[in-house]
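In the two complexes below, chain A is the common chain; its partner is chain B in one and chain C in the other.
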Partner chain A sequence: MTGHSDSSSSEKKSNEEMNDVPVFSAENMQNNMKVIYYSRTFMSIIGGVIAGILGFTGFMGFVFYFLVMTITSIGLIAKAKFSVHLYVDSWNRIILDGFMGGLMSFVLFWTFAYDIVHIF
Partner chain B sequence: MAEDLVLDTAIRDWVLIPLSVVMVLIGILRYFVSKLMRSSQVPDPKIVKEGQVIVRARNLRAAANFIPPKSFRSRRVYFSNEENGLLFVPKGQAQNAQAQMFSDPNMAMDMMKKNLSMIIPQTLTFAWVNFFFSGFVAAKIPFPLTQRFRSMLQNGIDLSTVDVSYVSSRSWYFLNLFGLRGLFSLILGEENATDDTQRMMQMSGFGFDPSKQCATCYCAATIFCASDFCAAWVPDSYRNFSQCFSQDHQSLGAEKDGLDIVQHEWALPKFEHRAEAVLRKLTM
Partner chain C sequence: MGLGFVVGIFGVLFLFHAAYSTIQYRGLLKIMEEEFSDPPMNVVLELLLGFVFCVSASLTVPGNFISIHPDSEENRIVSLPSSLDFTIFNHRAKALPFEVDMKLKH
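After this line comes the complex of A and B, so read on.
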């Protein structure tokens, strides 16, 4: 996925001046939000395939989804070198944003992989 | 009572995979067709002007603390004074603009085209799925659901003792419909079904990221699509469309109010203290 490999290296600093009054470059912040969204979507698809192959059913699958989302959040925070305020305007954006958005993709690919590997 | 059904491999080869592949291809096709069919519309200068005025006012509000108080006040008066302020719109005019927008034939035509380009592939695919792939168990969803979902998920299967996890191909179609949005946003680069909201933004001259509105509008649109394929959906979308537009024209008044509210607090004096602190740290 060229989109993913390019985007992960282009998170831009959106808060250049460390002022009392924080200044945000809106364009960079939009780009960062897009990167976060793409990362989460990609991870939820991969997580769905993994969950299907490993044969998770029911509740375990959703627990796995939250695990994957948490790993994505930690990865994004690590990529931002733990100074999250340089890149997005609040912690909530990088942790919670798009959490539920990947759920449908996860369920689709989970069902697909599970059926192909275990049922058929 | 959950017995494990053994399903034929042919179902996987000839139902699941082809259906997914067809939906992905139709999505890509629809994206390119809508790109080709997009008529380049000459934007109305009045609308663009209003949009740019709003952007200016918004910038002023955002950066108010970086200019001296007096210049901020003079700019604010330029925007919001009663006689010839740019943002001041007498009540009668605002209503007229909104009604005019709604009955403009060009715009209605474009909206219609966008809606149709979204409804028609979905309707056709749904009819195709129903015709060819009905009457058998297509897949097993890995999580259990209650009995109430049975009628929704197992429409072709008339046995009532089969576990609700075993679903028909119609539910596989719906699962694909919702789940492939994420995939499309990855491979096609941007949310492709929300081109209409982006164009509305373009026409009203906002330099504004519609990504949040993209998500909500798209969710609303797909929920409408999935639940009701008939023409009842189209009047709903017209209502949404006119609401979006009336918001754009009321936003002149909203911007004026926002600008009036702003308390100016000049941030620059503090910069001298900060510069002093930095220099001290450097020379120590």
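After this line comes the complex of A and C, so read on.
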């Protein structure tokens, strides 16, 4: 190739003509994953506060968490203008990525808000 | 990003106000000695409004998605080195069989 890449942190997978390996820029992929992670964490916290204020207890709270995560996933897919393959490499990343980590934050803020509003 | 941030702040403020309203409502129920079943309808509406604000803030504040394909317009993988003293145009790559369509990235 007669050109050199300027950004030293951008890695690419090898692109032989014989193989069919898809090429993507890992640095941009990391940026997209960071955006998804921030969005999911913030929405988990907000969902926890709302569940605490509404007085959900037990199973209803987890159903509410699932609902909030679904709404967040739909929002992220809409933000990617429905052509998800341009920004992440598989559907699982944009749908399932921060699910378990967000659950911890959700339960924390859920109990916190519930205690403040309903007990004290 | 400034507008998204302000929208997020408003959403969180609506949530706090709804929490305060619910606390006052519970105090009222304790005085009247009734059971707490549901927050009043205006609190639910305020929570829904705050939720919508927070959803829109969480989608705009963290930043945009960048395309990961190397051949999209914003991802030119070819650029000249910034120090032109070390730029070499005449080297062995012209013997390679690739036919690459490249544009300069500034």
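As a working rule, the second predicted complex is superposed on the first by the 98 of 120 C-alpha atoms of A that agree within 3 Å, B and C clash if a C-alpha of one lies under 4 Å from a C-alpha of the other, contacts with A are read in each partner's own complex, and residues count from 1 in each chain.
One rule holds for everything that comes next: contacts are C-beta pairs under 8 Å (C-beta built on N, C-alpha and C of every residue); 3 or more make two chains touch, one makes a residue touch a chain.
Remember, predicted model here, so these are calculated numbers, not experimental data.
Chemist: With both complexes superposed on chain A, which partner does A:Val63 reach: first (chain B), second (chain C), both or neither?
Modeler: Neither partner.
Chemist: Contacts for A:Leu108 in the overlay, against chain B (first) and chain C (second): which applies, first, second, both or neither?
Modeler: The first partner, chain B, only.
Chemist: Just to be sure I read the superposition right, which of the two partners does A:Leu96 touch: chain B = first, chain C = second, or both, or neither?
Modeler: neither
Chemist: Should A:Ile116 be classified as contacting the first partner (chain B), the second (chain C), both, or neither?
Modeler: both
Chemist: Does chain B (first) or chain C (second) touch A:Lys34, or do both, or does neither?
Modeler: After superposing on A, A:Lys34 lies in contact with both chain B and chain C.
Chemist: Thinking of the overlay built on chain A, is A:Leu54 touched by chain B (first), by chain C (second), by both, or by neither?
Modeler: The answer is second: A:Leu54 touches chain C but not chain B.
Chemist: Jot down the residues of chain A that show up as touching in both complexes, chain B in one and chain C in the other.
Modeler: 1, 3-4, 34, 38, 42, 116
Chemist: For the complex, which residues does chain B have touching chain A?
Modeler: 7-9, 11-12, 16, 20, 65, 139-144, 175-176, 178-183, 185-187, 189, 209, 211, 215, 267, 270-271, 274
Chemist: Give every residue of chain C touching chain A within the complex, in rising order.
Modeler: Against chain A, chain C makes touches at 11-12, 15, 18-19, 22-23, 26, 36, 38-39, 43-44, 47, 50-51, 54-55, 57-59, 61-70, 72, 75, 77-82, 89, 91, 93-94, 96, 98, 100, 102, 105.
Chemist: Quick check on the complex: what are the chain A residues that touch chain B?
Modeler: 1, 3-4, 19-21, 26, 30, 33-34, 37-38, 41-42, 44-45, 51-52, 56-59, 61-62, 101-102, 104-112, 114-116, 119-120
Chemist: Tell me, which parts of chain A touch chain C in their complex?
Modeler: 1-6, 10, 12, 23-25, 28-29, 31-32, 34-35, 38-39, 42-43, 46, 49-50, 53-55, 71-72, 75-76, 78-80, 86-89, 113, 116-118
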